[in-house]
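Quick notes on the structure that follows.
Should a chain be cited, it is by its letter among A, B, C, D and E, assigned in written order, with residues numbered from 1 in that chain.
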Amino acid sequence: MVVEPSLLSVKDLCFERDDIQVIDSVCLDVSDGEILQVEGPNGSGKTTLLRLLTSALTATHGDIYYQGRHLSECRFEYLSNLLFLGHQSAVKMTLTAEENLSWMVGRPIDCEELLAALDSVQLTGYSDMPCYRLSAGQQRRVALARLLLSPPKIWFLDEPFTALDRQGVALVEQCMQKHVDGGGSVVLSTHQPIAMDAVRRYSLVNQLSTGAN
Amino acid sequence: MISNMGFLAFLRRDLRLINRRRGEVASPLIFFLMAATFVPLGITPDAELLKNIAPGIIWVMALLATLLSADSLFASDYQDGSLEQMLISPQLLVMPVLGKVTAHWLTTGLPLTLVSPLLGLLLSLPTAGYLPMMAGLAVGTGCLSLLAALGAALTVSLQKGSLLLTLIVMPLYMPIIIFGSATAQYSIEGLAWSGPLAILGAMLAVAIALCPLAIVSVLRLTTIN
Amino acid sequence: MNWNWNWFYRMGSPRWFYESTSRWLPWLGALTVLLLASGLVWGLAFAPQDAKQGNSFRIIYLHVPASFLALAGYFLMAAAGAIGLIWKMKLSYMVMKCAAPLGAVLTFLALFTGAVWGKPTWGSYWVWDARVTSMLILLFLYMGVLALQYAFDSKDVANKASAILALVGTVNIPIIYKSVDWWFTLHQPATISFTEAPSMHPDMFQPLLVMILGFYCFYAVALILSVRVEILSRERKTSWVRGLVKQATHKNLGAE
Amino acid sequence: MISNMGFLAFLRRDLRLINRRRGEVASPLIFFLMAATFVPLGITPDAELLKNIAPGIIWVMALLATLLSADSLFASDYQDGSLEQMLISPQLLVMPVLGKVTAHWLTTGLPLTLVSPLLGLLLSLPTAGYLPMMAGLAVGTGCLSLLAALGAALTVSLQKGSLLLTLIVMPLYMPIIIFGSATAQYSIEGLAWSGPLAILGAMLAVAIALCPLAIVSVLRLTTIN
Amino acid sequence: MVVEPSLLSVKDLCFERDDIQVIDSVCLDVSDGEILQVEGPNGSGKTTLLRLLTSALTATHGDIYYQGRHLSECRFEYLSNLLFLGHQSAVKMTLTAEENLSWMVGRPIDCEELLAALDSVQLTGYSDMPCYRLSAGQQRRVALARLLLSPPKIWFLDEPFTALDRQGVALVEQCMQKHVDGGGSVVLSTHQPIAMDAVRRYSLVNQLSTGAN
């Protein structure tokens, strides 16, 4: 059917943990330049789905295709083109903002570019302060500065707006817009409303609580 | 990008992380010294008796120091999500893991080897024992670090893993400690000590070849939750 | 009542300390050099040889003063910490912080000279003698305080935590000394103890006294110097330190 | 409300937390046994020699086991914010802290005391030594737990505190280990062992009176950041 | 001026950390039945202020009065009437939801009341599951169930809406409304808009970034 294969395509993905079906036959497609928002109440499996898609978890059943090829054939290529930002933001408390960022970007990068990125996330005076001295939102901003420096095509963002103030949320939205305009794709989960138009939604239903209630 | 995420990058980062807390760099050295002074206090100050047990005691201390510091090898990376980031990075994890283990050895095994002559002095080790003891420690603590990292990987997802780690790793330490203390013991007794040292070397070679692979697959396994 | 405490609080001011020590530090430094030089020359060159130990006994002129000060230094450090905890005085924390490395070095010196001395007299560098053991533990106590001081990034927490540890250590020092003494007598007949110092010949004893005095002065000078450095680095943003810096650069420029 | 937040509540909660990880309850016991088997391996299998060093070895093991498990005493409470909740609760914290320390002792000191006859057997301890050794361990490990808790409180806000904790606490352990091993040694040599035991008891009394207070004030201090 | 002293009144509160003035002369009043929202961008000191008010931190300067009396005179009474929920929610991962809750409430409480509270936060099937098996939002809900069971007069909530879905946010708002209607007070910080009318705002300005930018 599809002539040009979509960037990421998921067929019938299932995930079972301790005999509980957390993710039940999810099918979805993400094409270039698209933002997909995974929706659902607390505990519906958004984080689990994102971790499955980034291959941090292995699905019990189902397939993931990247640009038309099965993930097992192009794992390396897929992983090199992917960025994941989870509930835990991988910010080391004892390192400074600058050190953290240069580490997380994972490619040689010059100092000015780093400082410029930290400037954009409003951490101008803080680049050489250890991160445990930053506030919750500032720590989150250190992790988000990655978005300004990352070449990967697909971003997986799990609740990127946590702990951010309004200006920070706008900044992340701007980043996503720029990324999408450049042909990249974003899969994100959030409970806050997004002020962007190009967002497609995918809803997960809470398997367990619908069963239990 | 990949080369940057390799051995040297992790080595540098971990050394920097350890160095950030300045108090921590010296502490393996001091732990070693301190634990060694306990032995005469608990046992006997008699030099004749101490001389016999010195190599064994030093090895038991090396082992405990390695174990004590091992549980934080992956723990903080696990808790703050860095480990997950490592696991979804495209390249093989063997080199990064080896980098982390090397950083651990550089901050435990190496200083312990360097301070061991002082301990020999405290425990009245005969002169013939110093060189073999240091050689044995240098090689053997490498094995200790690698095995401790394996244990740390196995227990990383448990909140209170440090005691469990000890339980898992200790049995694996048995051969190392036997040959390690034998190296010094042999030379004190005037025997050729190259035999046990060679065995230690062989164990290190095998451990370097196999442990990182095992650690990587164990990490993939245990961090899934 | 107020006038009574004024001097106390003024003494707590780093600036007051810095300025008043500037005045008499040179004198104290000169006295130290004088005492140490004369003590050393007297002890090493002119004091008579020991009947049993020959010339090796001369190490006593370093060993004994260092041992004295190592112990006294710990109590000074703990006292400074206690004053800091009770009266929240910044200066006394600085004194505590600077006394720790100084004391550790002196303890190490005492251990080292003792060990070197032990080789000719006891036949080995190390022996588990009671006093030797408690000295080693004192070194560990110092190191604990030092490590704790540098492990915290917040200076305030670091100061208070190491002050508490130093205080706990002082409670323990007598216990440690007693228990180690007791342990020693339990385990070992007193073959090589030096608990009863042989009554020394006055010709040997007088230079020792001079050296001990000299070490006390040296300790004071070293402590004051490092506290002054600490003050400058902590108060570098205040106007009076800025003024000092300006003065110093002015003088340098003038000299050129 | 206040009574509920007291000694028993914390004791019960901590025991439950420890019990949740079933592997952890047995591990101090096994650690103790395992570490004791290392001694003959590393040192000597000679029963005559072992006999002399048995009480000392058992005490060194008790001490290391206590230290190994101490660093998690407050760590998880600190990380998840429970400690902050404790600190802003209205009542005095002395009882809760004592409850936590008791839970620690019940899961390290007590099992170690109970298993010590087995270790005595492994290390050929003479018969006369068993009872005094157990009595000494029961009292002495209480002191060890209290002092370890003080060290844990001092290092709770440091990420890699376990080695630093060792460094801080070890010198304070010296008198305990001396009198503890002396208790067994005396009875083996046919002397009255009530002396050192009484001293241990006195130290425990002082530690129970002072340590919880010190721990509370240290916790208030170090958790401010 | 004030005849009836206000519940909580703060005069000229300052807090300095490593020579940086984090909180600079804050003056505020909270009266019975009032909701005060502390506002400000990331790093402006909201968390620090709340921790000062709960006496988890000690101010370098300034006074706090509770019902007209200085805090040093009525510390015990104040602390017994206070509830604080911070960025870290004090939920023990290895304990079950029920055990966590019964512990956190800090008073003897019967099982049915506990289960009812867990029901209200939509954790019906989860009461005896260890908390590390819950999702981020579900863990947060365990901590929030305290609000349903707590007698204290003043609540201090630091970003209570983090990780909650829309329904969860509504629930917390409902709780706060009920508390306020019963004469209690709430001091909260959040970056999300609140859909309640009785909210008074207090704005903090970011000392450092205003200086740096």
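In the analysis below, a contact is a pair of C-beta atoms (placed from the backbone, for glycine too) under 8 Å apart; a residue touches a chain by one contact, two chains touch by 3 or more.
Predicted model, so just to flag it, every value in this text is computed and none were measured.
More C-beta pairs touch across the B-D interface than across any other pair of chains. Set against the Cα centre of chain C, the chain with the most distant centre is A.
Each chain gets a centre from the mean of its Cα atoms; for chain C and chain E, those two points are 49 Å apart.
Chain geometry summary: the mean Cα position of chain D and that of chain E are 37 Å apart.
The distance from the centre of chain C to the centre of chain D, each centre being the mean of the chain's C-alpha atoms, comes to 33 Å. If each chain is reduced to the centroid of its CA atoms, chain A and chain D end up 46 Å from each other. Among the residues of chain C, those touching two or more other chains are numbered 137, 140, 143, 147-148, 151, 154, 180, 183.
Shared contact sites, meaning residues of chain B that touch two or more other chains, fall at 21, 23-24, 27, 30, 34, 41, 44, 76, 159.
Shared contact sites, meaning residues of chain A that touch two or more other chains, fall at 87, 93-94, 130, 132-133.
Chain contact summary for the complex, chain C toward chain D: residues 137, 140-141, 143-144, 147-148, 151-152, 154, 157, 160-161, 164-165, 168-169, 172, 175-176, 178-180, 182-183, 186. Contact residues on chain D toward chain B in their complex (touch as defined above): 18, 21, 23-24, 27-28, 30-31, 34-35, 38-39, 41-44, 49, 52-53, 55-57, 59-60, 63-64, 67-69, 71-72, 76, 158-160, 162-164, 166-167, 170-171, 173-174, 177-178, 181.
The touching residues of chain E, when paired with chain D in their complex, are 54-58, 75-77, 79-80, 82, 84, 86-95, 99, 103-104, 106-108, 130. Of all residues in chain B, only 1, 4-5, 9, 13, 16-17, 20-21, 76, 79-82, 84-85, 87-91, 224 touch chain A in the complex they form.
Residue ranges of chain E in contact with chain C, taken from their complex: 17-19.
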